[in-house]
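One chain, chain A, appears in both complexes that follow, with chain B as partner in the first and chain C in the second.
Our next item is the complex of A and B:
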């Protein structure tokens, strides 16, 4: 078990290192001029100034040298300075990640609960009208673009009903120190709702399949023969045997969760990491883009790592190996 | 008429609908897409079922044009992705174990960076535009199909007829060409069709974020991101119908995929 965990940690480190190399190479491939993006579009730069800036940033040295010096500084925790925010990248990511985690966490818990319950309901009522209706809704939702659901939610709840503000995660015209927690929660409701709406379908359909497999098993047949009621079967056999695959799947889906949050943050102008990633890409803020790519990959890898761990800890069959 | 023939007819009908939408969009007269301020901001009515926007452009025409662009991009990107998946999956399944572990690691790597972040990076790397979307979607979507192909190949590799073929002195290339690849064809077709919805949705998403197609092209992502500015003015129809059409196209592809799956599944032959 312990050697397995160490192996997984080593794999995680090797993958994270490969992510660093990949994103670095992708950025250097870009035809977008780093000097021009640093001084801002439309600003004229004389050849001498350009040479000075390139010299200052070390753009004239070789690719390996640049990668090594970049690698050394990120190992020290120095990801450079964001061009948009004019602050160290690490502090921007820290702040934005906190609000993204609040959003993604809420949506993640909501979608797990809704998805799991619906999955059980569908599986128990297999091929009955209730199952068919919920299944169709799930298939429909999984074919629907997240950002469009966001737009519909905005139209209904903000424009027509006027219950929620149209954008921003805090009320406007107030100092950031005066923003109350309740305001933050209020502004997070719609984005979190949208994100969970578009992500519970996958959990529900996955759970449905598992439930059907369990219900067809010999031990459930035996339980029925013993005269256990449906409630007893659900509590004693169904939930015990289906909850771990669902939890594992939810931890392994951090990539989709992050992608969804990028779109939702854009629609609701929610100031999280996703919106920062889009801004960094559009305005060529290379240090910030690199930092976000590395941290978002770490987030996904940690999710997969936890999924493996949960699986190994809880399932006795896997623990033995 | 048995169930299989019905299914085949249903598949052909769905493909025809998609082809018609694509052709109408591709062959569309550019004049229809032009702005005409005399008819701006019309709510959906009989003459303009999807309404018109703030520049007097017919939203139905723009939506169909956008869908045809999405279909073409989705088609190219899915074919490239599916071919990559079969090549990589087959290599992982047939080559020595170390090749398999390297490819497994590569799959983990591509899956590790969230899709949208990777799409933004690739779009940045190739200088944005349609090329960025195509390459981005093609190189990010092969992973799960490759895993599927790999496990399929591993299974076939140990079948008796393959071992027999080897004992009869057939070369590896012969076995690959005559025994393994034909077996993978159904997986390839189903995988290809089911990749399509993902490709279209991701294309719309990156375009919506501003990394995909240029703003003058009426792609669905562009239409929806433009509509955001007019939502608070009550122009709900600018967002509702184009998005709904996109969902309809995605569902049509899901429909084809699940029907092809049923047709190719021998257990269904009797029903």
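Our next item is the complex of A and C:
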């Protein structure tokens, strides 16, 4: 177990190194002019001043030197200052991540619970009308773009019905110290719902397949031969044999969750990490963009890592090797 | 001896799709007849692919959805309806399945042997069975994948002991057991039979079957060609009735190891009349005309018009 974790950590280090090199080189190759994005548009700066800024930031040195000096400060925990927010990148990411994690976490739990239950219902009723109906809905949902579902949900629940706010994570026009938890939750419901709507279908369909395989297995046949009722089989064998793959799949789907949150946060103007990533890209905030790339890689890696760990803890076949 | 189980003219066919959406029905078990009385061990022998396991699943009402079964199954003289078999399964009729895949891979073995009944009495019974089959106390906590083939099989046999059943259907219970344990298992079935239970022993090991069984039903291409008391089987060719059984007897290592030409026909192109006729040495024109019924002969049954 310990050696497994050490191996994983080494893998994480090599992954992050690769991510750093890739995004750094990509940004260097991109048409973003770091001097221009630093001084901002509309400010008249003479060519000499530009040259001085470039010299000051070390932009004239070679790619390797720039990467190394960036890398050194990253290792020290200095991710630079965000050009949009005029604050250290690390504090921006921390703040945005905190609001995103609540959104993603809620959506994640919702999609796990709904997806797994629907999967069981479909599998147990294989090819019956109930299964066909739910399956069609799942296929429809999983082939629907997230942003479109978001817009639709907004139109129905916020604009037409007026049940929920149309955007943001807190009510506008009041001091941040006056924001209550209930306000935050209220603002989070629609984005979380949208995010889980598009992701539970995959879990449900996956669980359905697994349920069907288990129900056709020899051991379920034998359980029937021993007089176990359908309910006893579901409780005794079915859940036991289908829950692990579902949990694993959910942890391994962190990347899709993060990708989905970028779109959902954009549609709902929800100030989370996804929106910050979009803003950083659109407004050439290089330090923030690099920082988000590194942290999102870490986030996705953690998901996969937990999936592995959970598998090892729950599945006896893996645990004891 | 009162009759416990009687299978009359059982046929099982599967619905299949051929090229596109054309459905076809393939019959894998044809007009099969057997009966098991209290106190009797009926061994069913036959080569692989002759439909032995399907018979077991058919009796228990556990055939897959695309299978249709015709014919009659009587249990204690009354028809075995779907509802009735559901009540009897596990309580009065036990199955000893043939491989470790019949155990839940994620459930500890002792719990699995006990089944869904949770009480002191059951725990005591399970421990007793484990002792009888040399499964040590440490093995109680193991998962099926940690068991050796022999241990898994012994655990499967233990499952049949947990309820006070009247009929045991054992599907190949002995492969993977050493000869000593195999004999022990079969002797245990014998004991149960002597106590008035019925045992349907499905096996391809004729030698072992001869040791404990009372009667032997010989399977060929999904049907019974002969049912004979063990004593007749031991007499050899004179005692036996059907040409296939005689050939089977002669093919045993100790009886000359002689093989008959040809193969058991594939279930898709079965001969029209007697299923054995293409390989039979005494077959005449009549044999391939129409189905041959089972008939009584010298205290056994045979599906051959020329058998004497």
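The definition used in the following text is that the second predicted complex is superposed on the first by the 317 of 321 C-alpha atoms of A that agree within 3 Å, B and C clash if a C-alpha of one lies under 4 Å from a C-alpha of the other, contacts with A are read in each partner's own complex, and residues count from 1 in each chain.
Rule of thumb we're sticking to: a contact is a pair of C-beta atoms (placed from the backbone, for glycine too) under 8 Å apart; a residue touches a chain by one contact, two chains touch by 3 or more.
For clarity, every value in this text was computed on a predicted model and none was experimentally measured.
Of the two partners, chain B and chain C, it is B that touches more residues of chain A.
Of the two partner chains, chain C is the only one touched by A:237; chain B is not.
Of the two partner chains, chain B is the only one touched by A:292; chain C is not.
Of the two partner chains, chain B is the only one that A:30 touches; chain C does not reach it.
Look at A:224: by the touch rule set out above, it reaches chain C but stays clear of chain B.
Of the two partner chains placed by the overlay, only chain B lies in contact with A:22; chain C stays clear of it. No residue of chain A lies in contact with both chain B in one complex and chain C in the other. Those residues of chain C lying in contact with chain A across their complex are 57, 60, 62, 64, 86, 89-91, 94-95, 97, 99, 101-107, 115-116, 143, 145, 159.
Put simply, chain A touches chain B in their complex at residues 11, 14-15, 18-19, 22-23, 26-27, 29-32, 139-140, 143-148, 151-152, 154-155, 158-159, 166, 254-256, 258-259, 262-263, 266-267, 274, 277-278, 281-282, 284, 289, 292-293, 296-297, 299-301, 304.
Within the complex formed with chain C, the residues of chain A that make contact are 216-219, 221-228, 232, 236-237, 240-241, 315-317. Considering their complex, residues 105, 108-109, 111-118, 120-127, 197, 201, 204-205, 208-211, 224, 227-228, 231-232, 234, 236, 239-240, 243, 246-247, 250-251, 254 of chain B touch chain A.
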